[in-house]
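These notes open a run of structures that come right after.
First chain A sits with chain B, and in the next complex the same chain sits with chain C.
Moving on, here comes the complex of A and B:
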């Protein structure tokens, strides 16, 4: 059996795991990250993308509020190309009254969140899409954050500092000897190969699934899995985040992001065995539209692009009065102290936007055990891509809107703008004048070029079409990958992968896009879906190229060989792993 | 001016109906608002490609006989295999009058295979001459090469090679791909990576053809089948025929991602035939609403006009052509508010499901004369045809073109009969 060694193994490639990976590598620890799917394929790829100011928690949870505003400021500094400083409004509608506003402003003040109370007229002037019936509004420093880009940039930094990323690798067990976790048993989800990684610390950052990893060591945690549904609207309706100024409830945040707006969310408890069953229901769609249009009435007439949902990895705590309360804060467990099991740390709970802080806490614990004294640098050090040198001119987040002129080049500003927007100064790696054909636009909706696709394959570990989507936004726009999916499959097939694998990944991509469209299949969404179906099935005949489908000319033969348990599991997971994603 | 017949929708069905009416001497106008599905299609016409169990159909007109026993509400049930055959034969003849000689398989009444840009094979009935017809058995084929022009994104030779290799019949066939970098003589300096198929077709010139033929002879001279993106036969320049002649190779054109050079070619041919027969084609005019009273259409409204005719044929297509619209509450027909039949199961959980999707079977209900109804009452002087009909799945069955042509042919026939001609 293959055997690897590392100082630290991180389990889970969401925002949290990626940040831990980065922190460990920056402190000089030799680190391997294992992720059973692709990076950001868990909850990190299925959230609202709100860079909280903390205001949402100002009244109910001052501690979380303070955590948020601090990380809000930090991320704006270190991850400029992943963040948009949109600011946000907390609006009061007639049915809410203005009582809450007073508490809200006080709460913000004590958490250190700057506020500006606006008249309805001022609010409408700032954000014309807002419900004109509002009776008051408060401006706060909310923003938006792109989870894919944030995760990808953290991983890139870690790898540039000696880290090893093993995606499509599942941790299937812990190697435990004499009360010490000595490493992780892994399974390569593509080949079924089992191998071991020996390590001195294992950091469990597997989010909503962290109880499964703990079960490998017979430990348990009282998770509260809270499911939330969201809808992506077909265009960017609002330029500022819009919240309701009342106790947090359903569908009360409208977040602009890239070319779209996202309304969310709901909150319902799900059982452990339903974590991978994430279909948005008709009821959820109804609630989201009804409540969402109270924030911005034009929503009722706006096309919905897709629906998706995710599961928050919250932890229940027993509070002083004996009841249960659900913490929104981060939960870091050093199992050496809590359970007398050395070598294992669990980091979960929290939020997307507190991932850096979560990583700092977990990495501090690991560093203490390993005797590493180098302090945490992640709050000060910019992520790859975030530093646009002066020569590149404008700030990244403006590049998308205003275009970007690459010095001495004929690449259209809009094309260069999108690339710089997504990859910051790293866009220079692929936006090259001399590179043949690379500036051809593959995905018109999101302006993704051939060069960007090839860069993501080469440098960002993208192996499948869905991986490429998470790295580049290919197929995420209004057409949901009608034709670009096929073009990208063509590029993937020509660049390095075995063609049959690419065909499978094209099917997965198409099915995954479909998952999010099905709950909202009317109007333009249905028109696009019908057209996609004509192209992909009528014109190209993709269904007959599926491995598990009978081919017209082919008698199916069952493979003779016995599957290993791991292979079976790999298959099951591959079947299960069809969640919704943003 | 009062028309004998007003056709609403100028796609494959609308123009077919228009041509038949004009041929019979009726004063007929076709109104169309947007692009027709043909613009995006393969350019081939399918009649029946798959049976109800998902197996490919070799003899489509016999297949129709079996299909309509199982599915008596299928539009083909109004015609039967023989009439569908007559309609397609007539259609082929009409198109041939314009100089476009669509081809069928070499063996009488058989489908042929159409190769796709992903390497799949789909049964088709009529194909454009440069697309060729692949025989039902592939015994003769030992080496296939997919050839693309470097940078062109809408044809995927490597993917197609992999796709074709998944087919058992090609297990022992050598399948490969080749990219040729073209100077693009008529491209005004633009490169293939910035072009869609229609632009590429215009950019190719003599020096490109010279380069393609010498490269083919040098690199793939022994191939039994060479597949190229369909952009080598436009505007009277049949470069493909030229390449076949110069190389002696069996070269076929394969439909690219949309737009479709072949589909647009067919659409042009239909329009020119319609005009030659004295028909009147009005582009870019949407019909907003129809006025119906006592079971008859009185008139229809366009943005600036009210039009009257003795008979109306509605061929406005499906969702993406806006012949049908949908809201969260359901699907409707926007011009007349015709009765619809929605499938129980509107969509499957898998996109490329073998059973297809209910939304494709959803459409306008019709009686045996192809008359639709409103609240159960048939409309006497309105007939419907093409993609907006209920009760069939053009994609899963491979019947899109065949249903459009044969139902339009029949709808026109009904009108002609009523006019007493």
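Moving on, here comes the complex of A and C:
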């Protein structure tokens, strides 16, 4: 069995695991990250993307509120290309009254969150999409955060500091000897190969699945899995985040994220065995639309692109009076102290936007065990891409709004700007003046170029179409991959030897796009789906392109064969079987 | 300033089918123009993030609206592009040119009484070079000659008191008829009078606004829309059955764009505006058809983009078919390339001529006596770029009354 060694193994490639990975590498620890799927394919890729100011918790949970505002300011500094400083409004509708607003403003003040109370007219001027019936509004420093970019940039930084990323690798067991976790048993999810990584410290950052990893060591944790559904609207309806100024409830936040707006969320309990069953229900869609259109009435006649849901990894703790309370804060468990099991740390709970802080806490624990004294740098050091030179903008608030360009470039603004928007100064790595073909647009809705796709394959560990989507937004626009899926599959195939795998990944991608559209299949989304089906099936015959039939398409001439048809069929079936096992 | 009162969210219905881009005359001759889909619905989603995403290339759009005709989702592509240029654009160095070209009524007024001189001057080599260098108006471009006497003063002097009929319509003559081609106005009155319909002029009228919109003068365009709408209302109130226009572009603006510019989508007077051939075919159908004598000519019909957009080509064709003896050939639909003031700008001259090339070729090959078309700028372009003479359908009809 293959055997690797490291100082630290991180399990889980969500925002938390990626941040731990980065922190460990920056402190000089030799670190390997294992992720069973792709990076950000868990809860991190299925949330609201709100860069909380903390205002949402100002009245109910002062501690979380303070944590949020601090991280909010940190991320704006270190992750410029992953966040947008949109600011947000907390609006009061006639049915809410203005009583809560007073408490709210006080709560924000004691958490150190700046507020500005606005008249309804001022609020409408700032954010024309807001419900005109509002009776009051408060402006707070909410923002938006792109979870894929944040995760990808953290991983890039870690790898540039010596870290190794193993995606599509599942931790299937812990190597435990004499009360010491000495490493992780892994399975390569593509080949089925089992191997071991020996380490001095394992950090379990597997989010909503962290109980599974703990079970490998016969430990348990009382998780509360809270499921939340969201809808992606066809375009960026609002330019500021819109919240309801009342006690947090369903569908009371509308977040502008990149080219879309996202309304969410709901909150229902799910059982452990349902964690991977993430279909959005009709009821959820209804609640989201009904409540969401109270924030921005135009939502009712805006197209919905897709629906999705995620599971919050909340931990319930037994409090002093014996009752249970569910913590919204981060939970860091040093199992050496808690369970007398050395070499294992679990970090979970928290939020997307507190991932850096969570990593700092967990890495501090690991550093103590490993005798590493180098302090945490992640709060000060910019992520790769976030070092935008003055000319690329986004130094001041104004520039941040209007700085998406490659200075001195003749590439059209929509193309160069989109690359800078997503990759910050790293856009220079693939957006070059002289490479005409590389600047060809592959995904027209989100303006992703051939160069960006190749860069993501080459430098950002993308292996499948869905991986590329997470790193570039390819296929995330209104057509949901109708135009670009096949173009990208072509590029992926040309950069790898195994064309067949690409065909599988194309099917997966199309299926995955479908899954999100199914719950909202009416109006323009239905027309789009019909049209995509017609293009992909009717015109291109996608489903008839089976894996084993792809060969003859790629080869110009089939070699003469003596085999009888019968033998050939048997062979084909055998090939299919191996595929299923893998 | 936004052209339309309500912000246009029609891009949200875009299916991403690319039908529009396959029909765009500019995209077919300029590889650096990304086409209607990317400039319109795709680009708008980006521009909502930040004005930074505005592409310079949007300026190449002629506003021909052929993309809108192709679109199965009723996306107002060309409006979105025009609006984006005005909303996010950062001015350009040919401000004076834009002003001169677009303020057609002002230019007309200024040339009153000096028309022969202006016409002579705009033809001289020196004037052309000056216009090219200083103003950015292409020196190869021929200017339409200004008439010696405006249509309006002609009407006041010669025709007004003769318009005593039981039925009346009002005529929005537009800048071109007023300052450059009064003959068309006179022919229109001749035809309608022959059908026992009197023709009144609006109390006052200003440029419909098409060139203003195309050059980014949205505030002025809206003011004109308000002004003309009031005049139209007044005309209807004082007994006109409807308002007719002999310009396919003015008619489209008055009927389709004004309501959206002014935010009056219901109960507005704009529905009373008719392009002339639509009105005439309706009358003919109802039996009000004048005596027509044969016109033994071989003509080619060129359909203007904006008439295609408003669905009016059928009316013009069925009207022309009523003229006995006429040998009518419908030219293959192809934008002529001038697109109003677009082709006058030096940076657009080549694009403009490249777009029109297939049309010019058809015309030269066809050996026609005349080319018939509804649009004044198509007329300018075809006359400049081919050896053909261009005539308006109504003027052709007027000949059938005479011959």
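As a convention for this text, the second predicted complex is superposed on the first by the 524 of 582 C-alpha atoms of A that agree within 3 Å, B and C clash if a C-alpha of one lies under 4 Å from a C-alpha of the other, contacts with A are read in each partner's own complex, and residues count from 1 in each chain.
Here is the rule we go by: contacts are C-beta pairs under 8 Å (C-beta built on N, C-alpha and C of every residue); 3 or more make two chains touch, one makes a residue touch a chain.
Everything numeric in this text was worked out from a predicted model, so none of it was measured.
Within the superposed three-chain model, A:183 lies out of touch with both chain B and chain C [touch as defined at top]. For chain A, the partner that touches more of its residues is B, with chain B and chain C as the two candidates. By the touch criterion defined above, A:405 lies against chain C but remains apart from chain B after alignment on the C-alpha atoms of chain A.
By the document's definition of touching, of the two partners only chain C reaches A:414; chain B does not.
Looking at the shared chain after the overlay, A:440 reaches chain B, while chain C stays out of its contact range. Of the two partner chains placed around the shared chain by superposition, chain B and chain C are both touched by A:527. When both complexes are overlaid on chain A, the residue A:478 reaches chain C alone and has no touch with chain B. Note: residues 441, 483, 527-528, 531 of chain A belong to the chain B contact set and to the chain C contact set alike, using the contact criterion stated above. Residues of chain A touching chain B in their complex: 436-437, 439-442, 450, 483, 486-487, 489-491, 493-494, 498-500, 502-503, 506-507, 510-511, 513-514, 518, 521-523, 526-547, 549-555. Remark: chain C residues 9, 11-18, 34, 37-38, 42-46, 48-57, 73 touch chain A in the complex.
By the touch rule above, chain B contacts chain A in their complex via residues 37, 40-42, 54-56, 116-122, 150-151, 153-159, 161-163, 165-169, 177, 191, 193-194, 255, 257-258, 318-320, 322, 325-328, 346-347, 349-354, 357, 359-360, 394-396, 400.
Looking at the complex, you find that chain A touches chain C at residues 234-236, 239, 258-259, 298, 302-303, 401-405, 412-414, 417-418, 421, 441, 444-445, 447, 477-479, 482-483, 524, 527-528, 531.
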